[in-house]
C-alpha cells in the first residue's frame, strides 16, 4: 500500500512517479547548464503533505530516482534513499513559510556567488531578470552552510515573498510554482549575473526599471519551450 | 497541389524543400556556436511572395522542418506548424521595408546584449566587423519584446539600410542577402562584441577606419567555406 | 615475488593495484576539469616506504597504469615506466618533509598561475577556500622548473605545514591526506581563483575570516560525493 | 612518376605522405584547441624545394589530405587541391626569408587578436612565453589581409628572426623548425595572451626577465609529449 492516509502519498506512491522524474531531470539540467558544481539540490513539495522530495547524498549531475529522499518539514525521514543533504533546512523552511512555492533550487553558480561577495548589487539590466524586481535579489549575509532550522528560517525571512535570494560566499536559492519555473529562474539568474558582471566592468550600465521589466513579460503561451530546450541538451555533458 | 498561384509556392511546395533545410541548419548553427540561448529565430523570404518562413514555437536548437511556419507580412498564417513566434513582427517588418534582404536572424547573444546596455558603443576593431561601418550598429532603445507591428516598424527604422541593429537588454537583429550571410554576420557580430569587450578593459583600443575595414574585404571566392565549417561542427553540441 | 622486503611493496605488488587506478583517475579528473594544460602530475606515497608513485613522461590526460613510475625520495628509479617527470623533486621533497601528506598534485591552472604573477594575494572569499586559512596560500617566488632537490626543498619550505603553494609564472602544488583530497583541493583552489579574479575587478570583495571559513566545514559525512561526481564526468572530454 | 627531378618530390610523392598527415593533424589541433575560428592555415616547407604545402580553400577544422595544395614561393601551383588560400604570401614570403623555418602557422586566436589592438604590449609573465624574448612579439601594423607579396614581405620583415608576430585586427603568425613546434608555440602564444589579459586587469603584473625565461627551458627530452596530448583530444570537438 503506497499511501499513508487516504489521498496522501508515500514515497513509493505511483502518483509521485512523474514528479520524481521531473525532479531528476531538473538536477541534470542544472548540471548540464553549468549552474551546479557537484553540489546543490532541487526540491518539490509533496502534494497534500507538509513534506518534500529532494536528492539524497549525491551530486545533482548523478541524481537518479532511487537516490531521492522524502522528508517532512522537520527533517523527519519519510522514505527513499536514507541520507538527507546537509542543507535540508533550506527546503523545509522555505516550503513551510511560502505556501505558494512548490519547488526550491539551491545551487552554487559562479555568478550568484560572485555577486554575493561584491560591494555592488545584482540588478536586472537584461530580460533574463524579468522575474525579479528592479532592485534585484536580497542577500543572506551569514557565511556558512544552512544545516539548522534556525538558519533555514533566517534564509526564508530574507527571501520574503520574492523569487530568489543570494547567499554570501555560497550561492543562491530560487523558488518557483513548479520545478520547471524554479529551474528556469535559476538558470536565468546565473545568466543575468554573467551579463551584469561584464557590463559593470565598463561603467554604470543601463538598468531596467520595473515598468521596463514588465514589457518583457511574455504571454506565457510557451511555458514548455525552455524546458524542451534544456532537455534536448542533456545528451551531451557540459564542459 | 502545392502552389496557390502559378509560380507562387505554398508551404508544402517542393521548391521550398532546400531552403527549409538550410533554415533548419541555420538555427542549429546559431545554437551550436553559442549565439542563441534557447530563444531567437531565423527567417527567409519566400521567393515571389510577401511572406516568409521561420521557426514556430521552438528553440533554434530544436528546430526541424516540421516545426517551420509560413506567415505573410501581416502575420497571417500560410502553412506549417501552427504557432508563430511571439516576435514575428521583427521579420515581417524588416522584410517588407528592405527588399534587398532575404534572411533575418534575431538572437540573444551575450555580446550583443552586453553592448546594448553599455555607455560605450560597439565599433569594429577586428576584421569580423568588416560587414559593418566604422560607426558600428545602431541601437533600438525600447525595452521589451517586439510583438507588435508598431514595434517591428520602429525596429526596421533604426536598422535603416544597415546590416545589423542591437536591441536594448535583449539582443540583436541581423540581415543578409541569403541565410548563410545572415548567419555568418550574426556569428561575427557576437565574436566582435567579445573582442571589443576584452579590449575596452585595457583602455581605448585601436578601432578600424572605414578605409581599413575595406582592406579586409575578401574577393569572396570562398562564400561556402565558413558555412561548411559551421556545418562540420554540428555533430557535437555546444557547452 | 612482488615485495622487496616483508610487507614493503614493489612496483608490481598487487596491493598497489587500487592506488594505481586511483592515481590514474586523479590525473584524468584534473584533465577533464580543465585544471591541467597537458602538463602537471599527481603522486601518492607508497605505504611503508620512502617512495612514491607518479606518472612518467606523459600528460595527465593520457595517463594509464602502464605509464606510472615508482621513485624513492632521492629520485632513484624503483619500477614502472622508465622516464620520470622533469619535476620529480616537487613530490619527493614534500613527501619527505611532510609525513602527514599522502598525495601531491602539481598543476598549471590558469587561476593559480594568474595569482602567482599579480600584485594581489589570493584569499578565500568563497566556501571553496575552506581548506585554506584566511591569508590564502603562500607564493614560491623563484621562476623556473623544479628540477633539482635544492628547488624542491625550497618549495617545501614555502609550503610549510599548509595545504597549498602557488608557484610564480608556473602554477601550484597542493597536498592532501589521500589522492581524493589532494585532487578536490586542487580543483577548489582553481575555482576559488576564478571567483576571486572576477570579484577583484569590482573593488574590494568581502573576504572570509578564519571564523567564517570554519562555519563552512561540513561534517564530512560525504567524502566520496565530490569524487563520484568527478568520475561521472570523465566520459566526456573537457573543452 | 612522382618526382619532377631526382630527389625533388612532386605533390604525390610517397615521401610526403607522412608530412601531409602531420599537416592535417596540425590543422585539426589548432581547431580543437580553439585557436582558429574557421580560418587560418598551417604550412610546411617541402624538403629540397622552394615550395610548401598548405591547406587549400578549407577551414583548418575540415582539412584533409586531399584538400592540401603545393605552391612555390611565387605562388605558382605545383599540385594538389586547386584553390590556394587568399593569404598564401604569408607562408611563401616567410619561408623564403627564413631558411631556418620549416613550418608557419597563421591563425586568428582571440588573444593574439586582442593584443594586436591594445595600447599594451603582450609580454611573457608565464612559462608559456619561454620561446619568446622578454619584449614579446612585434606587431605588424597594417590592417587588411596579406594577399600580396608586398604585404607578405612586409610581414616577414616585422617578424625578423623571431618566433612570432601579431597582426593588427587580424591574428598572428608563428614559425617553428617543424610543424609540431609551430603548433605548440601557436597554442602557447594564445594561452599566454589569455593569462596576460587577465593579469593586466589587476595592475602591473610581474613579467619575466630574459634570465627568468631561460630557467623554464626544459631539457627537451619530451618533445612528443605535448603533441601526444593534443592528438588525444582530437576525438572530441571543441566548444
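Just so it is clear, A, B, C and D label the chains in written order, and each chain counts residues from 1 on its own.
What we mean here is this: contacts are C-beta pairs under 8 Å (C-beta built on N, C-alpha and C of every residue); 3 or more make two chains touch, one makes a residue touch a chain.
Please read all numbers here as calculations on a predicted model, not as lab measurements.
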Inset, instruction - Give me the chains shared as neighbours by chain B and chain D. - result: none
Inset, instruction - Please state whether the interface between chain A and chain C is built from the same residues or different ones, using more than half shared residue numbers as the mark of same. - result: different
Legend entry - Taking each chain's C-alpha mean as its centre, the one farthest from chain C: B
Legend entry - Centre-to-centre distance between chain D and chain A (centres being mean Cα positions), rounded to whole Å: 47
Inset, instruction - Indicate the whole-number Å distance between the mean C-alpha point of chain C and the mean C-alpha point of chain D. - result: 33
Legend entry - Multi-partner residues of chain D (each touching 2 or more other chains): 201, 236, 239
Inset, instruction - Treating touching as the only link between chains, describe the layout with one word: line, ring, star, complete or other. - result: ring
Inset, instruction - Determine which chains touch and list them pairwise. - result: A-B, A-C, B-D, C-D
Legend entry - Touch list for chain C against partner chain D, complex: 37-39, 57-59, 61-62, 83, 86, 110, 113-114, 117-120, 142-145, 168-170, 197, 200-201, 236-237, 239
Legend entry - Interface residues, chain C side, partner chain A - complex: 34, 125-127, 191, 194-195, 198-199, 201-208, 212-213, 215-216, 218-219, 221-222, 225-226, 228-230, 232-233, 235-236, 238-239
